[in-house]
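Shared chain: chain A. Partners: chain B in the first complex, chain C in the second.
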Partner chain A sequence: MAVAEAAGAVPHTERVSLLRVLGPAHVWALGVGIVLVGEYMGWNFAVGKGGAYAALVACWMAGLLYTCVAMIDSEVTSTVAAAGGQYAQAKHIVGPLMAFNVGLFLVFAYTMLEAGNAITVGFLVDTVAKMAGHEGVDQRPFIVLSIMFLAWLNYRGVLATLTFSLVITAFAFVAILVLFFAVQPWSADSPLRHAELITKELPYGWLGVLAAMHFGLWFYLGVEGTTQAAEEVRSPSRALPYGTMASMMTLAIAATLTWYICAGLMPWEYLGQAGVPLFDAARLTGSTLLMWLLGIGTLFATLASANGCINDASRAWFSLGRDHYLPAWFGAVHPKYRTPYRSIIFLVPVAMLFALQVPLDQVITFSILSGLLGYTFMPINMIMFRKKWPLDTIKRGYVHPMHPLPALVLIALCGLTYFAVFLGYGTQLIAMMTFYIVVSLWFHFWRYRFVKRSDQFTMPWPRPNGY
Partner chain B sequence: MAKYIPPHQSKFGQVFDVLVVLALTVGALYIPLWLKMAGATKTPAPIENPTWEALGQNPTMVERWQALGYPDPASANELITARFDYSFDWLALAAMVALVVGYFVMVVRFSDKEYREVINEKFGEKR
Partner chain C sequence: MDYWNYAEYAAWGVSALLGLLIIFDWLRTDSTYSEDVLTSSREGEVEAVAEKHKL
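Now for the complex of A and B:
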């Protein structure tokens, strides 16, 4: 993609673009960094919705869903390597309105996740303060400060931002491994007591297993964000599939270890509503060192995630502005730092509104719902991609096997997850769908008139079949 | 096909469009929560004069509750007895399915109409 287009809205004579500085390790850090916080908070609401075993089943079902996502996304992204990830894919394969919606899915999934991370930082500070004997700490300054600090880092530059993420993500992942070895599951002295703590296998029956899929997504939600950096990666066809698959493997291991440790340490009724479950797990071991390690791990995981979320949401919003789907003012790149600075700044108050005013489980539900809508788009996108450009018409950096099986499995699992959200959070599902329907009508009947038609197709591909 | 030239949008028009998107976001997502119309359907059903046994907790569970800062059964009563209500109306489920499917059908159809304009302008009218 002609990255120089990015300069379109910059009020300078020099044309500037996003920098191509990232390698596979940064892609891994972006994928795991956004998601690893899902092991530190939020996944455990799946325990609340269906019990401990239901959460484990949901963890693996969601793992299957995300494997399909990673397979499909790797093929399309290795061909459509442009900022905005799935947004750019939708623009070239389905059409402008779908692209507008996908852009919004990404913005809201990541902005709500960012808000959830900031809430967790505040909750962690409050928990630690209570343990130190300070009751009634005001969480709000910590929420505001974490969002402002990370927005500033993102404003200053992508390389420094993702290098920061790489370091703190690695720390947070190692902290989970250290906790696993510290509780010595193989030893008779281990504090893990699965048999005594999981006495009701399925408190809600099999309906609870379905319901748990709602928060099961939280174990991996956001891993597809790796594609957002496509325009800033040195070798997209190699680094994006490799980085995304490595992220999935890392997360599947971390998710299983997290479930095993937490379910063996605390009653499911507590785990199902805990704000910082891994930190609580460390508290239950009685080790001060582990408490510090997992406390810092929780803080780092939330910061790394919020950092990646700001990076991804701002790039999706930037792409919408650059293509005039939103006012072109947002499509500007900073002349010195070469970041989408206006988009970064604009999304800060939106994240703050939800972080300061909405409970964690509901912020997470909004994030999951936007993610889920994005995953439902992917199989539609993949089937259209193969139909419009069969394998022999354009070169792919990666071709996923067994098409259309992953697409069909993905759409079936998405259907199950809509039902899971409907169980317990149906009103939010309706509110979100209403939002996307109204905003789609607004785009089609009003905003689309400001969009230059042929500029929406920038890939050097032949004419699609059937058009 | 003649190249489509979009109309110029004034600064005021751009600001207005951003406000519309913001209003839709806050209106659809935040206001239902603010009015307490949405949220989890999980409700506690605390029992009277709770004991650990009556709450179905064995000695290991009790030890863990106490370590987590719940020294007595009364303090954990609400947490232990809270349950989701998964009863649902089939009509509401059918409405939810129609909403999600209808949304995707609408978006794909409108997108296709727009996409044909893009392709025709990019590659020329198909003969």
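Now for the complex of A and C:
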């Protein structure tokens, strides 16, 4: 402090921490905002893997997986209310090495997803240009602009960032509802033709259903990011469970409606490889208004996802820095905007590099794999949490029902999904696992010596059972 | 040159401007405040005052 003051720095005696300004609606915007792009594009590759009904089974199986994730997350995060979300949970409940890995899973999952969203923005601009009769638009400036604009917004403050997400996410969700009502499924004049278009129930059998699970995650991937807002909500024990469960319900509705509309308008052979299926569905209705609505909805969903990803990745990276798991320099908070500004800045070139240099399917696969590793940690975390701190020892903001059933279902579904991913992207799965093993060794044998061990555990909880 | 070419240049320009705004503010903040202040955030502050977890 003395050196800085001598150099003309402003003296400051209070701690600078993240700002507590968010409510349940912002948590909802964060959860749904990251994910809803998956309804607009990507989920339909599950149709290509196993047919329309396989995609529906995958949609509901993944829905079950993520309901378990949301319930487990809500209980633990309403109790461990700290930035970093699952990273902070792992630190308090499992241990430092698990926490370091979980922190990296989060940063990779969200940064890769952000890069994927930026690539999609470029693709959307190119699509609009082609429709307007212009061939060969350079997508790079639009990819860079989307990342820079959202990074700038995140840099300037969390309230504006997530209010922006709230507006564009609500628009994108309402657009799906409008499309559903516009096709009038209850009417004899409805353009939906499920019976005629779904000619084969399971064209690749049950193996196709299993393979579809890989892209079934797309309907919900990232909803667990609500926990990253833990240190910025006004009432963590209330806002996080409400926001997370409401996000899950919204997504389950949006996912099912999306499947129903698209499977009734397009042959599964086309739907399985469509770039923007909801937009295509709107075009097939012949309504210009719906086409514009779903076109803007696609862009908004993509931007909301990238926005939430920047928010979440930067909080996870910031938490790792604040605990000295990474250089403490990353643990800085902006004194005016109260955001983890160095973490936001650091992740901009990383996202840009992946967005400009790596193909979309690779980027997305890395994101899914990191997410999946994170989901595998959650049931272990939950079982340990209930064992070390049973319900009668500490107060939770939310207690999830039927423990340990959700944890066991989650771990079983994760195992199933690993196999599904291995079928399509085995090399990437092995490469990713090798990467995490190498960085774990680095953390254990080198980095952990810089961690202030007594400062890590901040919760005023009683001593755990058995210790 | 048509509208789309201008849009490409505008996107590059706005990106560069936003980047410069961020970098300028970053350098100004780092030179105005001490490192102790900037990294003074601690996990669990709300737990100490609001979320007691008592039954």
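We take it that the second predicted complex is superposed on the first by the 453 of 467 C-alpha atoms of A that agree within 3 Å, B and C clash if a C-alpha of one lies under 4 Å from a C-alpha of the other, contacts with A are read in each partner's own complex, and residues count from 1 in each chain.
Keep this in mind: a contact is a pair of C-beta atoms (placed from the backbone, for glycine too) under 8 Å apart; a residue touches a chain by one contact, two chains touch by 3 or more.
Note that the structure is a prediction, hence the values are computed from the model and not measured.
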| task | Would you check which partner chain A:442 touches, where first means chain B only, second means chain C only, and both and neither mean what they say? | result | first
| field | Chain touching more of chain A, residue-wise (chain B, chain C) | value | B
| message | Looking at A:427, would you say it contacts chain B, chain C, both, or neither? Reply first, second, both or neither. | response | first
| Can A:261 be said to touch chain B (first), chain C (second), both, or neither? | neither
| field | Which superposed partner A:328 touches (first chain B, second chain C, both, neither) | value | both
| request: Give one of first, second, both or neither to describe whether A:251 is in contact with chain B, with chain C, with both, or with none. | output: neither
| field | Partner chain in contact with A:211 - chain B first, chain C second, else both or neither | value | first
| request: Look at A:310 in the shared chain and tell me whether it touches chain B only, chain C only, both, or neither; answer first, second, both or neither. | output: neither
| remark: Dual-contact residues of chain A, meaning touching chain B and chain C, are 328-329
| field | chain A-facing residues of chain B, complex | value | 3-4, 6-7, 9, 14-15, 17-18, 20-22, 24-26, 28-30, 32-34, 37-42, 56-58, 60-61, 64-65, 67-68, 70, 76, 79-80, 82-86, 88, 92-93, 96-97, 99-100, 103-104, 106-108, 110-123, 126
| note | In the complex, the residues of chain A that touch chain C are 1, 3-5, 7, 9-10, 12, 14-18, 20, 79, 81-84, 88, 125, 129, 132, 134, 137-138, 141-142, 144-145, 148-149, 151-152, 155, 231, 236-237, 319, 322-323, 328-329, 331-336, 341-342, 345, 392-395, 455, 458-461
| Which bits of chain A are touching chain B when the two form their complex? | 48-49, 94-99, 101, 108, 193, 196-197, 199, 203-204, 207-208, 211, 265-267, 269-270, 273, 280, 283-284, 324, 326-329, 350, 353-354, 357-359, 361-362, 366, 376-377, 380, 418-419, 422-440, 442, 444, 447-454, 456-457, 463-464, 467
| task | Quick one: which bits of chain C touch chain A in the complex? Just the residue numbers, please. | result | 2-4, 7-9, 11-12, 14-15, 18-19, 21-23, 25-26, 29, 31-48, 51-55
